[in-house]
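Dropping a structure here in structure tokens format, bear with me for questions.
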Amino acid sequence: MSAVEVEAGTVKGSYLTDGVTLRSWLLTTDHKRIALLYLGSITLFFFVGGAAAALIRYNLITPQGMIASAETYNRIFTVHGVVMVWFFLIPAVPVTLGNFIVPLMLGARDLAFPKLNLASWYLFVIAGAVVLYSLFVGGVDTGWTFYTPLSSNYARGHVVLTVVGIFIAGFSSIATGLNFIVTIHRLRAPGMTWYRMPVFLWSLYATSVILVLATPVLAMTLLLLAFERIFGIGVFDPALGGDPLLFQHLFWFYSHPAVYVMILPGFGVVSEIIPAFSRKSLFGYKFVVWCSISIAVISFLVWGHHMFVAGTSLYSALVFSILSYMVAVPSAIKVFNWIGTMHKGFIHFDAPMLYALGFIGLFTVGGLTGLFVAALAADVHLTQTYFVVAHFHYVMVGGMVSAFFAGLHYWWPKITGRMYPEMWGRAGALIIFIGFNLTFFPQFILGYLGMPRRYHSYPPEFAVLNVLSSAGATILAVGYLLPLAYLTWSLFRGERAPANPWRATGLEWMTPSPPPTVNFISTPIVTEEPYSYPPPESVQRHV
Amino acid sequence: MSDASYLPHEFQYSSARHQAETAIAGMWLFLATEMLFFGALFLSWVYSRHWNQAGFDAGAQQTNLTIGTVNTAILVASSFVYSAGLAFIEVGNKRRLIQCCAVAWMLGLAFLILKFGVEWHDDFHKHLFPGPHFAITGALGGGARLFFIFYFVGTALHGVHMIGGLVLVGWVILRARRGEFSPGYHTPVAAVGLYWSFVDMVWIVLYPLIYLVGRGP
Amino acid sequence: MSLWLPEASTTAPEIDHLIIALVLISCVVLALVFGLMLLYMFKYRAGSDVDRGALADKTWRLETAWTVATLVAFFGLFVWGANLYVRLFQPPADALKIYIIAKQWMWKVEHAGGQREIDAVHFPVGRPIQLVMTSEDVIHDFSVPAFRIKYDVLPGRYETLWFHSDRPGTYHLFCTQFCGTDHAHMIGDIVAMPQAEYQKWLERNGTGETLAEAGKTLFMRYGCSGCHGGNGAGGNQSGSTVRAPPLAGLYGSPVTLADGRVVTADDRYIRDCILTPDTQRVASYPPVMPSFSGQIGEEDLLDIISYIKSLAPEKPL
Amino acid sequence: MTPGLRRLLLTGVLSMLSAALTPRTRPARPRLRPLLLAWVLLMALLAIEFGAAFTPLGRSARPFVLIPAVLMVAVVGTLFMRVGRGVTIVRLFAAAGLLWLGILLGLGSLDPLTRTDYPVQTGNPQ
């Protein structure tokens, strides 16, 4: 991608300095500014959800529970689930890094529908406000899964309010996904053929397919749940002829693909970083690309594996089990490809690379334990225990949050025009990796031993492992606070970033840091494959 | 639309035509999400009927087939007339566009009046609303109740989409009266037309689910 | 090779074998991934002078190889897990039935002899036990880690679970489907006892009235006998104007329904007949039976079903 | 289906094909013919559906009255919404919507349609 020279010097100011009033931010249609608005919002939610997580680990230090009331505990883990899933994990990479980077990577000036993009942020904020309000006026104690008939007929608390919040957040997701898909189809720079697109774009394309096609099902499900709770319509109520498993089918039709909404962008981020810091092109580019797309499709065929012991038909359990193994194949292929990329590379250990390597390790553990719960008979023993909790935290927190941090560090110079302190970045990556394993590895064993999830108190024989997990959580908490501190510091004191601090490929590095409002002064023309890192010999000389 | 190259467009697009085609594509993708939205409702129909077939069908037999069929014909006609309006503006006939949109709008309103003013009114009168005085009791009551839940939820959600459609068609009429559309620029007319026809499609599926499948000896 | 968790049922070792196999596979893959990662991190670090040689530019051969290898391994795991799962949910014919009713937040347990207990299940070792479970309110889940079994307990229908334990002892019973405030207190004991002790326990806790006897009283009280006859002999015999199918000998036999389906009359079928008779109507009988949905509690239902079950055909009227 | 109906459907399909194949030049007159054809087809299908309401069909065969509705949806999609014209991704999006709808309804109904009563002991006590 050589046709564009860095135009530093010809541009005065950047998207950050074009308009400094609050109004110019709140009414902006610039994808870069909207990305920053989103970044602020999801950071807030990450720490709300994180505080709930801290309280959960605090409670479980002793078998009888440190928090006196079981009801309070139940509300806390519901908040943790709802906020983390819908207000951090699902939006995190797409709406921040995606929003910022997608048009830049494509060589476009903005997304296809900038006003829709701004509207999606407002929807997100309104949704978040509704959910936080419901939390302050008493919260919900159903778990984030809202299983009927508990949520419809039995739970106290503000179920309808929370559901309304999630319903609105869903439309924000749909707007974002729709924008990305149309943008990637229609706004590629001249010469940017499909196979010249970096994997990050492919991943966000796959993510958006899921957002756009799964979220409406959640919307209808939540609508029916709200009707069920307010009017007692009975669609999910066995006493009125309904079927509670219908709720679970509809819910997981959305929520299982949503897991891939959380992880696919992470795949994309890592697929950018590993080649950039190995100074080598991505191993098996086309395989990685098509793995992303096939994950997006197959992820819709596996939701039934959440229901192996729920009372579905035996045949449907068998079908869903084998399909679940199918979806694991492309994920496995990706891990092999990243490692293949490192082979014979020139590996630099900057903070983004360390986070990315942490991602590969933790995601591999998460993926492998997924095989346990996809095997029908093993799932019978392991499901609904801490084994499952550990499994999905390895994928979503170990995997996805590491990838989010990797991407945030990688593109931080581009977004802010400042460098973060490198040593602190590396320390953060290491502490998060260690803290994460200390927190969640014991939970695999707890789960095998049979400790059920969502328990406020537990039999004393589980105490040692729980204390270990809670101790690890304190390290993890330090690991997450660290980036907040040094990244904030770098905003004011960080070194000025050059246009391409990593000597990386990709159109986003061909424009100044931070980019001008119009992204590119002249439309870039793409002439090369992605990841065209110079041959190793020349790098060696350079080093 | 070769004469459209000089028309204004947003800065991320290369031409007005590029922008117009993209907007239409975006509308189609939105309609794909709407398909899945109603798809979840249709799945609830499958479940409710599967577990309560006799009662569910007994409920369906209480519906007003005449109004349902007339309403289907009205919506089909409305969609037809609107599409004709689009065909007229493509050749620059602005007057016909306004006339067609107005007819389509009124047909849509007629549908809503028949549906909610007459049919729902009768249903309430016959105690078919699944409340405490629900008319169908006994062994088939449970299934019939679930049928009318589907009936009221389905028609209400479709009705909300219809009202949204009427607002959009009204907006198109207003802009058309201001003379904003031409053979070179009529993207909003086409996009709203897609939505309007989609709402029609939803009804075309709801019609047999409500009035036909449960009927018969 | 159980870590600290006893393998107290006959299927537990089989599930453990599957889990151990999965652990071993995971360890191999992890060693491969971490090993290669660490090796490359060291060997190909930017500063190292190691000879990189020429890069392989054709990758599809390698890609196909590991795709196929993964697929084959996964298919093997699927077959293993699925085969065991299917057996896990096929109760043997001679199982002793115990009835479980879950409600927020307790387990109510009923034995055929009329013994009732709460948050504990006593049963004899050495023979298969089949649980017939339902819930009075929300979805619960009956989980016994020591037996490696677990199944959701849903309102409005019977679910079943079976196990065979040869090891006397007391094990944990957990509710593992979140069911509201005191979910964590919905725990109990699974007590496996030697035959003789179990007999003693039954005698000690006997109420003098078996489930079937209690059910007979209810059969009269709810008016079932009005149509189905005093001993479930069928209607239209003793001057009754209503024709109703006979119930004696019904349990376990095939029934042809009005819509042509043939089903086996098990607990779930009889339950559905009582609660939603129109969906389960027997061929050649008129649809006159009223629905008892919402009028009979779960415990009474179990008693009535036990009574119907006890009506063997040879029994003199 | 009657032969007359079959002929009607055939002409419909043929004209859809010809509409899709005609070059995309702006006609001097509005293209009303395909719309009229669509309207006629839709009314015919509606009449079939209406007739089906009075046909004796078994309870499990009744969902087949959805077939004309599916055809009507196809007519609206091709002739009113002109899915065949415009940029390729329009067809891609429409196909994606249909495919995923199929997944939702297909895999979603798999469970209730195959759910059996729990396997009871077949060894009859008699």
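Lettered A, B, C and D in written order, each chain numbered from 1.
As a convention for this text, a contact is a pair of C-beta atoms (placed from the backbone, for glycine too) under 8 Å apart; a residue touches a chain by one contact, two chains touch by 3 or more.
Here the structure is a predicted model, which is why all the values come from computation and not from measurement.
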{"item": "Leading chain pair when contacts are tallied as C-beta pairs", "value": "A-C"}
{"item": "Chain with minimal offset from the mean of all protein Cα atoms", "value": "A"}
{"item": "Distance between the centres, which are taken as Cα means, of chain D and chain A, whole angstrom", "value": "38"}
{"item": "Whole-Å gap separating chain C and chain D, where each centre is the average of the chain's CA atoms", "value": "41"}
{"item": "Inter-chain centre distance, chain B versus chain D - centres from mean C-alpha coordinates, in Å", "value": "16"}
{"item": "Residues within chain C bordering two or more other chains", "value": "89, 159, 276, 293"}
{"item": "Set of chain B residues in contact with two or more other chains", "value": "21, 25, 29, 32-33, 35-36, 39-40, 43, 47, 51-55, 142-143"}
{"item": "Multi-partner residues of chain D (each touching 2 or more other chains)", "value": "59, 89, 96-97, 100, 104, 108, 112-113"}
{"item": "Of all residues in chain A, those that touch chain D in their complex", "value": "182, 185-186, 209, 213, 217, 243, 245, 249-250, 253, 300-301, 303-304, 312-316, 319-320"}
{"item": "Footprint of chain C on chain A - complex, ascending", "value": "65, 70-71, 74, 141-143, 145, 147, 149-150, 153-155, 238-239, 241, 244-245, 278-280, 283-284, 287, 308-311, 314, 317-318, 321-322, 325-326, 328-329, 332-333, 335-337, 339-340, 342-349, 357, 360-361, 364-365, 368-369, 371-372, 374-385, 445, 448-450, 452-459, 461, 536, 543"}
{"item": "Residues of chain B that touch chain A when the two form their complex", "value": "10-13, 18, 21-22, 25-26, 29-30, 32-41, 43-44, 47-48, 51-52, 55, 130, 142-143, 145-146, 149-150, 153, 157"}
{"item": "Contacting residues of chain A [partner chain B, same complex]", "value": "103, 108-114, 174, 178, 181-182, 185-187, 212-217, 219-221, 223-224, 227, 233-235, 240-243, 246, 249-250, 253, 518"}
{"item": "Sites on chain B touched by chain C in the complex", "value": "51-55, 138-143"}
